[in-house]
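Both of the next two complexes hold chain A, though its partner changes from chain B to chain C.
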Partner chain A sequence: MKEIVVAVIGNPNVGKSTLFNELTGAKQYIGNWPGVTVEKKEGEKIFGDYKIRFVDLPGTYGLGASSIDERIARDYIVFEKPDVIVNIVDASNLDRNLYLTLELIETGARVVIALNMMDIAESKGINIDVDALSKELGVPIVPTIATKGVGIDELCSVIIKVAEGKIRYRPPKVKYPDTIEKAIMEISGLLSRITKDINTRWLAIKLLMQDKGIVEYIEGIEGGEEIVSVARSYVEKIRSELGEDPLFVIAEARYGVISEMMQRVVSRAYVEAVDISDLLDRVLTHKILGLPIFFAILWSVFLFTFNVAAPIVDGIDLLFGWMGEIIGSWDINPLLKSFLVDGVISGFGSVLVFVPNIFFLFLAMAILEDVGYMSRVAFNLDRIMRKFGLHGKSVIPMVLGFGCNIPGIMSARTIESEEDRLTTILVNPLIPCSARLPVLIMIASIFFGRYAPLAVFSMYVLGIFLALFMAILIRKIILRGVVSPFVMELPPYRLPSTKTVTIHMWNRGSKFLKKAGYIIFSATVIIWALAALPPGVEFGGPESYASILGRLIEPILRPLGYNWQIAVALFFGFIAKEVFIDVLGMLMGEDHEAQLGAMLSPAQAYGLMVFVVVYVPCLASLATIKSETGSWKWTIFVCLYELILAFILAFAFTGLVGLII
Partner chain B sequence: MNVDAGYLKKIAVVSIVLGSTYLAIGIMEIASMFTQYGIFLISADIIGGFVSITIGLTYLFGIRGLLRGNKRDLGFPLAASILAALYFSIYSLILLADAAECYILKNEDYSGWTPMHSLRIEILIGAIAIIIAVEIWRRIKKDMFFKKIS
Partner chain C sequence: MPVLRLDELSDGESAEIIGYDDETPPNLKIRFVSMGLTRGVVVEMIRRSILGDPIEFKVRGYFVSLRKSEAHYIKVRKLGGEK
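For the complex of A and B:
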């Protein structure tokens, strides 16, 4: 079977994820782009005699290198050279999307356009002459409606024809002003002597646009430095002749081509009177109502995650209890029985019980994302973020942090300013991730009864507040500077696609399951061994290694009212936060919840929740902070400030809640 | 009927009724937290109260514009009704989850539970809000969305 590699690229919010999911279904592999920690998604589709491997590139408006996402997309297209590039274009927003298309065509790549959201364009009375547009651009175009799976097979069939060379390309050449054309010709001629693999006209344009990544690439080739210096002299010449930077002249010429093209291929049957997204945005981004509505929606997510998932959680809990009883009655080796009952069932099982909560949380977040509400959250919070010294783009890492801090920290890479990016990374671990959710739910359920969702919700509000508070401190004391401006696009609202939502939920939820399988189970084995050894001691008894370790840490935590078992749980929670429950389950046995209830007062329990939210990030988050900041200094800084903050806040909240209750 | 001044006035009246009701429910839900007296179908729920007040205010914020004939202010009752519908769904799902705890899992914490324990007034009013949301949505789609170029 022949294989075709297809890169999928498009502006943000053009339905790229939906189309990618439609093309690949559940056959997706998630990894990282080489050298960086940005998520790389790949999927496959068998179509006829071909295996088509789709590579999902980050959403981008152009092939510049102002952010890591843009650089990844550009480098993949230019240097990796996939067989075909599928450029997803929003039919209802054609002019804005065609800028990227023109850039792609200029690279000389074999482009197929998926003209997506045709239904929305039609409902807005936008008529696109697809054949005429295809002739203008010189590339094949397939109209699609990703949310309904329309045009998918046709798209695959065109991809194969393009890969087989059965479709001829006649791409247009954007005509730039004469001064620029002359410069392009000369630089292109020089470039053709040192590089054969990449379209030299496109490289020349990029050199004139002073694209940092391309300048560095050319300088790295023998003889490249001279060409870069020629390009620089042309840049100066163009500036003096045209009175403008070549970057703007080139962009203007491209928009001119698009504008003329639009007049020839697009007609409008209606004048838009009211857009339903505009109507809703008047309210959802309202300066007074926007935030209360956001909190109301966030609360609904909590009720869904906590209360609606409760019977499934309790059902799994009953199942593990039953399994514990069955295995407990087996006549097998006592050490093996102890491992199965005390380790696997009581420890590992107590973490797995919360899997439904995790999936419900991810389901709710996937729906909000697919509807288009998450962009409004960023918009609403941007005004506040700015006051706290955070960049508007920091909202997305913070929102992602609710799921897992690792992608949250990684996604800060889209922020251009180093100070803004560092601040976002340093405060991200304060956002309670889904791993902390089971711990919070367990403690809140034991101590706060029907107010448990409120207690958990308050931890999320505290986490957001602390992140903002620390951001302002960091920006005022350590990383001084002005917050860079932020332009944001609000996509139209749309009904969520079941397939996209399900795939999103599964991709994220399965990460938790994998983590449970590897990290938490490994931690279970270690902690079980510490509790069961040296041989002959009572499991988790005062002579066990676990107890010895716990008693070493206990004095530090004693002022907060935590005993050695909690100390060990917090210590191992550093590996992965859910391990906290795992450890308590093992050290206190199946009735660990009852024991914990007797051990702490509600005020101390609330303080413990605060401690769990704030104290050191998990091991994987710390590794990510190290790789993203490239500095041990910042990694240690995060550990230290969080640990100090956790002590102060847990102490303060224990006292405060003690006064109220 | 088109989206004319008369239609907008009708929606404004509905907004006044629903907005005031949600506002009153929200205040009672918060007040119930601090009193020992329970009110029928009203839960003592501070955040639930905050949510109801938010829904109520969203309805009420649109009234002035609607009475002045501003079609774009239909967004307020539409957004409020969508939010009310969201909570209708959430509270209904919680009622079903509680029923599952009581009747299927036989959870001790739910002994003596009846559907009335989890029935909230937001479920009843939310049903009306859903009808309003659908009505406004349909009307906007039909009469306001686009004007034909003549």
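For the complex of A and C:
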């Protein structure tokens, strides 16, 4: 069977992931692009005698590459040279979409257009003569409606015809003003001496547009530097002759070609239609109502995540309890039994219990993204977030962080500039996740009686405040980059497609399961061993390694008033925050709440709550930070700043609350 | 017709792009171009966000948001008529 590689590219919001899912089904492989943390999605389809390997490229408006996403897409097309490129074009928004198409054609690649959203175009009264457009562009076009699976087989058979060389390409040549054409001719002539692989006309145009990535690429080739300086002098010449940057002149020439084409192939009927998106936006992005509605939606997401998942969570909890009892009654090696009951079931089990919450959170997130609301959130809050050195798009990771920091950290991917994205990730663990909530509730209810809810709530305020505060600090001191632009499309609202949403949830959720599960499980084994060894000691008793470890840490925590059991609980809480409660239960026994109440003063207890919120991210979050930043340096940085901050704040709050009470 | 900057339009006003500020950062230029914010194109101001920034515009049949500071780099000529 012959294999062909097909890259799938298109503007954002053109139904690319829906079409990709239709093409490949659920058989997708998610990895990372080499050197960066942007997700790389691949899938396969067997069609006739061929195995078609589809590579999903990040959404991009052009090959100008101003963000990581766009650079990946551009580099893949230009340097990896897939056999065929499927360019998804939104039929209801033809002229902006065709800009990318013209650029793709200029690279000399074999492009097939999937003219998507034909139904939406029709409902808007846009009528496209597909054959005529295909002739004008010189590339094959297949009309598709991805949401209904229309046109998928035709698309595959055209892809194969193209791969077999059965379709002849007669691409249009965009004619640029004479001064520019002359420059292109000369530069591409020079380029043809040093490079054979890449279309030299396209490279010459890119040099005139002063594309940073391409300039650097050419400079890297022997003899390239001179060509770049020739190009640079042409840029100056064109600028003085035409009074405008060649970048703009070239882009305008392309749009000129597009609008001429549009006049010949598109006819518009006047359709009187209410723009539902605009109506929704009048409310959802309203100057006064926008924010309250955002918080209401957030609240419903939480209710959804926790209430809908609750029965499943309870079920899993019951299942583990039942398994614990069964195994407890077995007559097996006591060490093995202890490992299964105390380690796997109560340790690992207490984390697995949260999996349904995480899946539902991913589901809610996928729906909000698919509908198009996330870009409105960024629009509503950009101004406020920018005051703290963050980006409008930083709100989403923070919101998700209340549920679990892992999806929060992962969702920072959509932020363009590396500085903004890193800052968003680095402050995320300060947002109190749902695993810290039970710990906070336990401590607060022991010490603060009817003021317990207020005490817990104050921790959320503190977490948000700290995240914003740290963001300013990081942005002012360490990551002083340029502010990334906010030129962002606000796509029309769309009904979410079940398939896209489920695949989305599954891809992200299962990745979490694999990664976090692996780490948490290994950690469970270690903790259990510490509490159960050396052989013969009482589990978690004073002779165990856990206790020895606790006494080792205790002196550091003594100024805050915590004893060795709390030290061990905090240490184990690093694996997963909710484990804190379990460890106290193990080490102090049934009446651990009463013991804790006698052990600490209310002021010290409040300090402990602060400590629990701030000190080090859990292990799974750390693993995610490592994989998303790709750097140990940042991972360690988060641990260090959080630990230091936790000590200072716990100390300060203990003193402060002591003064008040 | 008066020459303004794009961020100076009020709700519902339309204008034609006539050029760019010389100080426009290169990465923003690339963005403008690939999003279709080129000379000769008509842009309609739709609404401002909370605190008046960013601003939503309609261009080439779709909606795009720009920060005030970004829109300020774009020179426009106001088109008369609708308010």
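What we mean here is this: the second predicted complex is superposed on the first by the 454 of 661 C-alpha atoms of A that agree within 3 Å, B and C clash if a C-alpha of one lies under 4 Å from a C-alpha of the other, contacts with A are read in each partner's own complex, and residues count from 1 in each chain.
The criterion applied here is as follows: a residue touches a chain if its C-beta (ideal position, glycine included) is under 8 Å from a C-beta of that chain, and two chains touch if they have at least 3 such contacts.
Predicted model only: the values in this text are computed from it and were never measured.
By the touch criterion stated above, A:R239 is placed in contact with neither chain B nor chain C.
Of the two partner chains, chain B is the only one that A:W299 touches; chain C does not reach it. Of the two partner chains, chain B is the only one that A:R268 touches; chain C does not reach it.
Residue contacts after overlaying the shared chain place A:I276 against chain B, while chain C stays out of touching range.
Of the two partner chains, chain C is the only one that A:G64 touches; chain B does not reach it.
Shared interface residues of chain A (contacting chain B in one complex, chain C in the other): 278, 281-282, 288. Put simply, chain A touches chain C in their complex at residues 60-62, 64-66, 92-93, 95-96, 99-100, 209-212, 244-245, 247-248, 251-252, 255, 277-278, 281-282, 285, 287-288, 290-291, 375, 379-384, 392, 482, 485-492. Here chain B touches chain A in the complex through residues 46-47, 50-51, 54-55, 57-58, 61-62, 71-76, 78-80, 82-83, 86-87, 90, 93-94, 97, 100-101, 104-105, 107, 137, 140-141, 144-149, going by the rule given at the top. Residue ranges of chain C in contact with chain A, taken from their complex: 19-20, 25-36, 38-41, 46-54, 56, 60-67, 70. Residue ranges of chain A in contact with chain B, taken from their complex: 123-125, 268-276, 278-284, 286, 288-289, 292-293, 295-297, 299-300, 303-304, 307-311, 314-315, 318, 453-454, 457.
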